[in-house]
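To start, the structure under review is shown below, and the notes come after it.
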C-alpha cells in the first residue's frame, strides 16, 4: 500500500504539532520517522492510524483519501511503545481480538492466531495473561496482534524503547526480517537514530513538527541537509566548528584563529557561490578526524578527556570554546592536557549556514 | 397487520370480560379502604386497629342489607413527628395516593379543607345517628367555615404536674399538697405563685437551676394555653381570621421571660424528649411541669417501671389545671382532639364514614382511651363500666370544663411557628418581652399580611 | 532512636489515639446498650436479649410490619440505586474522560456546581418529576419488587438517590477512566472496536477497582439514607419503608424512647454494612485514588 | 420565587421577590448567617481539613497495618446510619449518670454537675458530630495523595538530614497542596449544604435557632414545621440564596485551581 501525505498540519490548540508535512511512502517500503521527543512524529503516526484528525492536508492510502476513515476501516496494524496489551485477556484473546471484532469464525481464528503466534515464537504462551510475560514476550504478543489481521500497513510507535539493550538488538533484527518477509508497508517511529539507520529503507527526520529531511540512511549520514540532521544522526555526533569560508586565489579556505584548511576541489565545487565569503559551520564526523603528533596535522589541540568505547577510544579536544572529538583505535596513548595534532579527511567536510542551519553544499543526491 | 392487532384486541376484551364475570359470580365487590394514623406503639395502636374489627361488623351490615360491596381495611400506622406526617399527606395527595381515612390534629381541618383535600361531612353525618353521642363541644374543633369536616377520635387535657415529694422537701404539709388542685381551680394559686415556689426550690437546691418549672421542649399547643390564660385570643369569631393580642402577648412573653431569667425555670426548650425530658422529670429533678394526660401511661410503663410504675406515680406526682394568671381568675387547660378526616380522593366516602361510625362507639373508644390514657369523646362515657376503671381518666375529666382549643385556620402553622420562635427567644434571652411582641407583629404582617388581625 | 524522636512518635500516636478512642467509645456503648435494659455510662444495668426481640416479632404491636420486609426493602432499594449509579456514572464518565466533544468542560463544571445545591432545593422539583414518571404505565407503578419508579415506591426512592449521587459518581469514575493508558484504547480502535465496545470490553474490565469502590460507596449511601426516603414514601413501616425510617419510628416526638431497643435496631442496621465494609475496605479506601488529579 | 405554600403549592402564582425580601427582613437573619459561618468555618478547619490532615499524616508515617486500622476506625462514622450515629452521640452527651462523657470524663475531673451537654454546649457537639464524619473525606484523599508522592523525594529529604517533621513540612505538605485546597473547597460546599446531622441532633436548638444553620432553616421553612404548615416558596428562597453563594464559591475555586487546565484533553479524536 502506497501512502501519500500532502500538506499535513496538526494543531493542538495554538501549538503546531505537525507543520505542512509532505511525504510519500512507497508500497512495501519500511520508513522510519526519526526525531527527538515532541517533534511530531508520533502525532503524524496517529493521524495515519486515524486516532487524530488532521487540522488540514490529506493522507492517502493508494489513491484514496483516508482522512475521514475510522481506524478500523483503514486496515492497519499498530504496535505501541507500552505494548497496550489488554491485561484482562489471555494472550490468545489479545491476539484474537481484531478477529473477534471482525466476527471471524472460531476455527479460522484459532488457526490464524496459532500461525502468527508461532511465527513470533510465542505459540506456547497463549493461555497466559500479559502480566505473566516478560517485556520481550509482551512485545511479541503486541506484534502478533498487529499482524494477525494481515494489515496493509504496519505502524510501530517506538516499540523497542522499553526493552533492555540486548533484547532490543534482537527484536530489531526480527522486525526488520518480518517486514521483509511479509512485504507490508511499514512506518516505524523512533528517537533512536541507530534503530532508524539499521532498519529503515528511508528515514524521515522531523524536528518541531517540520520535516528536516527524507532519504535513505546512507544519504542522511553522508550528506545531511541540515545542521539538525547532521547532529542528530550518527553516534558519537558530528563535530561542529564555527569557521570563516574565504576565497584565496582559486581555492576556498576554511579559516579560524588556529587553523586554515583548503577545501578539496570536489567539495569546493559544490559550495554555493553566494556564501563566499562568510562565516559557516564546518561539520566533520569523529571517525574522519585522525590524531597525529603535534605540529604534524592540520592543527593542534589539547586533549580534554579520553573515553574508551572498547573497540575504539573517543578523544575530546578543546578548541577555544568548542569541543572537537576524534575516534581512534583503542588503546589510545596520551594523557589529558597533552597537545596533539589533528588531521581531517577533507573530502568528508560538510558546511552549513549558521543562521538557517541548511547545508551550503549543492545537493548531491 | 391492522387486522391482526384488531383481532388480538377483541380477543383480549373477550377474555377480560370472562374474567370479570367469573369473579363477579358471587356478586360482591371488595373495596380497599386505607387508614393512615400516627400512633405511639403499642399504647395508641387502637387508633388504627379498631378499624379492623369495624370492618368485620360493617361487612356483616352490608351483607344483611344486600349491598354487594365489602370493605377491606388497610392500615398504615406508625409513629412519626407530626411535621413529617402532615407533609406526607400533602405529598401523597399530590401523587394521587392519599389514604381514604386520615387521622390528624383538629387544627388540620382548616388547612386541608381550604386546600380541598378533605370533604365536608355535614349531610353524610346525619345518616349515622351514632355521631350524636359525641360531646357537642368537640364538634367545634372539627368545624371550619360553618361545615363539619372531621370526626373526633380522642382528646386529652394538659395538666400541670408537680412532684409531691419535692414539695414536701420544700416544707409543704401533706394537706397543702393535697389541696393544690383545688387551690388552682379556685384561682387562689396563680401562675406567679407557681414560679415563686419554683424559685424557692431552686434556691434551696432541691432542684437544679432552670428546673423549677418546665414546659414541653418543642413547639406545640401547650404554649397557646398560656396565651389564653393571659386573656389572649387566636381567632376572630366574626371573620374567622387569626388574631394576635398585643397586650395579652406582652404578659405571656413577660411570664416566660421572668420564668427563665428570674425564677430558675424553663431550661427545657430544645431537649430531646426521650434522652432528656422524660428522664429528668421522672427522675425527680423538676418541680412543676406541663405535660399531657397521655404521658402518664408512658411514665408508668417505661421510665418508672423499676420504681413501681403507676403506683409510684400516684404517690409522687400530682396534677391540676394550669393556674390562672391573676388571683381569682379562671385556670385553663388545652385540648387537642385528634380527628378522622376523609380524603377527597376517597371513592366511597359513605363506607369510610360508616367505618368511622363503628369506631366512634363506647367499646372501641374506651379501649383506646384506656390503653393510651386519652380522654373519651362520648357523652356519658365516664359511666361506661370499663372507662371508670381508670383513675387518671376519671380524675382529670373535670378539666374539660376549663379547656380551650387551638383555632381552626389554615395559617395556624405559620402563626404558631412565629409565636413560638419569639417565646424561645425570650427564654434564651435573645429578646425582651417588648421586643418579642414587636417581632411577632412584624413577622406576622411580613408573612401573613391581612390574613391576621393585630390588636 | 533518640529520646526526642521517641517522644515525638509517642506524641503522634497520642494525638491519633485520643480522638479515635473517643469515637470508639460511642460504638462500644451501642453494643453494650443493645444487650442491656438500661445503661449508666458504659455500665449495663441488667443484661437482656429483650432489645433484640424485633428479630422475631414486631416491636410495635400487631398491625406493624416486621423488620424483615423492611430490611428486604432497604436491600432492594440500595441494590437498585447502586446498579443505576454505577451504570449511568460509568457510561457518562467515559465520554467525559475520553471523548472530544463540545461542552465537555461545561458539563464537568456543571456536575461540580451541582454539589453546591442543598438537597432541600431539589426535593420539590424531584417530587414533580416522580409524579410525572408515575403517570408512565408499567414503569410508573407496576414493576414487581421495586414497585416502579413513582412516588412511594422503592424504585422512586432509588431514582432520587441516584440523582443526588450521580455528580459524585461521575467524578469518581472519570478519575478512574483518566488513569487508563491511551495506547490501550487506541490499540482497540485500530483492532476494529467501536467506542461502545471499547468501553464495555476493554475499559470496564480494567476499572474494576473503581466500579467496586463506587458500588460500595453508593450502597452505603443508599443503605443509610434518611431524608430522601422520609420525603418520598408513605409510612415508616409501610410497603416502601426502609431501615432508617423503621429505626426513626422508635424515636420521634413526645414519646419516650427505649434507647436500648433503638441501639439494637441501629446495630442491626449497622452490622451488614460493617461486615460489607470489612470485606471491601481496601477498595473503599481507594475510592479517591482514581480521582486524585481531576478531583472527586 | 412564588408564594408556594401548603394551600396551592401545585399552582405557582404571584411571582414576586417577596420571599427574598422576607429573608433579609427576618429578625434572625444575622444570627443564622453567623451560625452558618461559625459552623462551616470551625468544622472545616478543626476537622474536615485539620483532623483529616493530621490523621492522614500520622497514619502514613506509622506501621502500615496500624495506620490502616486507624483509618478504618475514622471511616466508621461515614458508614454508620445517620440516625444511629446521632443517637450514639446523644448517649455520649447525655446527663449523668447516663451520659458517657459526664460519667467518665467530667465527673472524675469534677467539672459540671452532670447536665445534658447537648443543652449546655450544643455547638461543641454539632461540630464534633459533623467533624468526625467530615474528617474521613480529607483523610482518605490526603493519605492517598501522600502515599503517591514518589519515595525518592522523601528519601532525598531524609538523606539531606531532615527529620520526619521537616520532611512533612518542606516536602510532603507542598506536594499535596492541590488535594489540600480541593478538600478545603469541596468540603466548604458540603458543609454549607448539609443539615441532616444537625436536624437529628439538636434540630436547631436548644432554645431559639441556637444551632440553626442556613440549610436547616431552608429545610425547616420548606418542609417541617410543627403544625405541618410548609412554605415551600419561602424555604426555596432560603436555599436559592445558599445555592448562589455555593455556586459563587465553586466558580471562584474553579478559577483558583485552574479547573480547565486540570482536565486532560482526550487523546483520541475520532468518536
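By written order: A, B, C and D. Residues from 1 in each chain.
Here, a residue touches a chain if its C-beta (ideal position, glycine included) is under 8 Å from a C-beta of that chain, and two chains touch if they have at least 3 such contacts.
This is a predicted model, so every value here is computed, not measured.
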If every step must land on a chain the current one touches, say how few steps get you from chain C to chain D.
1
Select, from A-C and B-C, the pair of chains that is joined by more C-beta pairs in contact.
B-C
As a test of understanding: of all chains, whose mean C-alpha position lies farthest from that of chain A?
B
By C-alpha centroids, what is the most central chain here?
C
Cα centroid separation, chain A vs chain C, in Å, comes to 56
Interchain centroid distance [CA atoms averaged], chain B/chain D, Å:
37
How far is the middle of chain A from the middle of chain B, if each middle is the mean of its Cα atoms, in Å?
91
Chain A touches at least 2 other chains through residues 50-51, 70-71
For chain B, residues contacting two or more additional chains
81-82, 84, 87, 94, 220, 275
Contacts with two or more other chains, residues of chain D listed in rising order
9, 91, 98, 223, 265, 267-270
Between which chains does touch occur?
A-C, A-D, B-C, B-D, C-D
Spell out the residues on chain C that touch chain B in their complex, using ranges where they run on.
59-64, 127, 130-131, 134, 150-152, 230-232, 234-238, 248-249, 251-259
Chain B - residues contacting chain C, complex
36, 40-42, 45, 48-49, 52, 75-82, 84, 87-88, 91-92, 94-97, 99, 216, 220, 273-275, 278, 292, 295, 298-299, 302-303
Listed in rising order, the residues of chain A that touch chain D in the complex are 12, 50-53, 70-71
Of chain C, residues touching chain D in the complex:
5, 8-9, 12-13, 15-16, 19-20, 23-27, 29-30, 33, 39-42, 97-101, 104-105, 108-109, 112-113, 115-121, 123-124, 178, 182, 185-186, 189, 195, 220, 223-224, 226-227, 231, 243-244, 247-248, 251, 259, 262-263, 266-267, 269-270, 273-274, 277, 281, 284-289, 292-296
Touching chain D in the complex, chain B uses residues 81-87, 89-90, 94, 104-105, 107-108, 111, 114-115, 208, 217-220, 267, 269-272, 275-276, 279-280, 410-414, 416-417, 420-421, 424-425, 427-428, 430, 439, 442-443, 446-447
